[in-house]
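What follows is a pair of complexes built around chain A, which joins chain B in one and chain C in the other.
This part shows the complex of A and B:
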């Protein structure tokens, strides 16, 4: 399953929550990522063509998958690939990995507390 | 006359080739310095825009103004990252710490409640942005001043010579 943020969602993704706008991280997660991960073994998210990305969008979309209990870091490692052919956007790939890892660490800490 | 020219021609050719490479070296060094200055200017602009953005809370009246700042900040971090990559391509070596600092800077500038309605002022985040952008500027200036070059070369050379002596003395290569 291939998802292009620019073509399938918006070329100007913006904000974290629906109160920030329709093309926010939460909407991308719930409308695109969650169904795709549920129904497909392999999901590729393509960042090409977007007019810049906010870390808040990326954190909500990808880190939110773990915080909301839709997947674990291991699940995402096996199923999810984030790509770009634009060299200047490669830093976003590192950020996505960082947010997934941080969300998993938070989830693990919560588990220990419970 | 011809004999004289024949005698001095190797020296002349050497001089021309040497001059060409020396000129190339100084031009490349000048270009690199200009590029680093441009990145440092952009870091200053980013610091200013982030100060304007993160030092005040979001309000409905400032919505349009904050939207412009958000777009500027996102564009600037992409441009800074691209130019730093260009420095890496030109110099073939930038300190490993720089890409990691840039990632932290992008996270600090556009993370948290960035693009979020009802966002509060975040002075701690602003302090982090100022600190990270200063660290990046210092690392880049170090490249410009050659301070980052010769220690690398000398360090590499010393290590190789040390290893060679260890090999000769039978202590093995510990790289």
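This part shows the complex of A and C:
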């Protein structure tokens, strides 16, 4: 399953929640990522063509998968690939990894507390 | 102020003439808040206006127009030609209800781009507006800029406004929760200035003291607004206290880290944080306390496009 954020969702994605804007991280997660991960063994998200990807969007879209219980870091490691052919956008690959890892660490801490 | 006339100072500039500039803005804000009609806004004495002061002025006039339900009155016959040119470019004539001149003959050394207004609840507009502003900057500067870093900075600023800046108290505050952005290009120094402003609760006004030492400093009155703004730039700090939040202000730094000659200035309430990139390994941080507060949060990015580097991705670790 291949998802292009720019072509399938918006070339100007921004914001965290629908109250920020329609092309926010939560909408991308719920409308694209969650169904794709549920129905496919392999999902590739292509970042090419977007104007940019702010931290709020990335964190809610990808870190939110773990916070909302849709997947674990291990699940995403096995199923999800995030890609770009634009060298300047490679910073976003690091950020996606970081936000997924942080969300998993928070989830693990919550589990210990419970 | 004579009667209800506000006279704007000769140098409308937050760096060179902070007190007089912010004082004039406060008078216009007061007129809007107290719902009284100003006779005139007098532009005749202005000889210099900086891009950030111009955006503050536009925002206050915009607010006054919204609050009073009519246009503020101004005459443009006594204006300095260069100021007329700049403010016409910026879109102030439309705000003031003045007829746009066919030609402006003032000699200017800066290009002001039209300011953009947004409101919390617009939902779809901010991303498109940020992209359009970038395209206008590139057209004015005649060169590409790091579009993704500018987009991330501007849209995170809008996201912060949507989530933190305006409390949802009462019907009016829900309806009118504005923000403004604009840009300017100075060919003589090859400098781009991008400015974002909101009239909200400010960063120091919404950031809780989260560490033990900060709570002590706060109680003793030693934790000033400049330090609060700097604390807000720390990864993971947020006024919401929710997990996953507080990453947005980092995006403001990315653009600065990507240009060897650049500066970020974040002014909010009584605090100002300046972050300068001089091409060294570390960004230079400086905090200040402002005697008269900025009524809201003002973000300024200054950068020279030709000094672009590939260091942006490491911005988080340069602090």
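We take it that the second predicted complex is superposed on the first by the 114 of 114 C-alpha atoms of A that agree within 3 Å, B and C clash if a C-alpha of one lies under 4 Å from a C-alpha of the other, contacts with A are read in each partner's own complex, and residues count from 1 in each chain.
As a convention for this text, a residue touches a chain if its C-beta (ideal position, glycine included) is under 8 Å from a C-beta of that chain, and two chains touch if they have at least 3 such contacts.
Keep in mind that this is a model prediction, so the values were computed, not measured.
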Problem set entry | Partner chain(s) touched by A:54 [first = chain B, second = chain C, both, neither] | both
Contacts for A:22 in the overlay, against chain B (first) and chain C (second): which applies, first, second, both or neither?
second
Taking the superposition on A as described, I'd like to know which of chain B and chain C A:64 touches: first, second, both or neither.
second
Across chain A, the partner (chain B or chain C) reaching more residues is C
(message) Quick one: is A:103 in contact with chain B, with chain C, with both, or with neither? Answer first, second, both or neither.
(response) second
The intersection of the chain A residues contacting chain B with those contacting chain C is 14-17, 19-20, 52-57, 59, 88-89, 91, 94
In their shared complex, chain C is touched by residues of chain A numbered 10-23, 50-57, 59-60, 63-64, 67, 88-91, 94, 99, 102-103, 106
Chain C contacts chain A in the complex at 121-128, 130-131, 134, 146-152, 155-156, 158-159, 162-163, 243-245, 247-248, 250-251, 310, 312-313
Chain A partner, complex, touching residues on chain B are 70-71, 74-75, 78, 81-82, 85, 99, 102-103, 106-107, 109-118
Note: in the complex, chain A contacts chain B through residues 14-17, 19-20, 52-57, 59, 87-89, 91, 94-95, 98
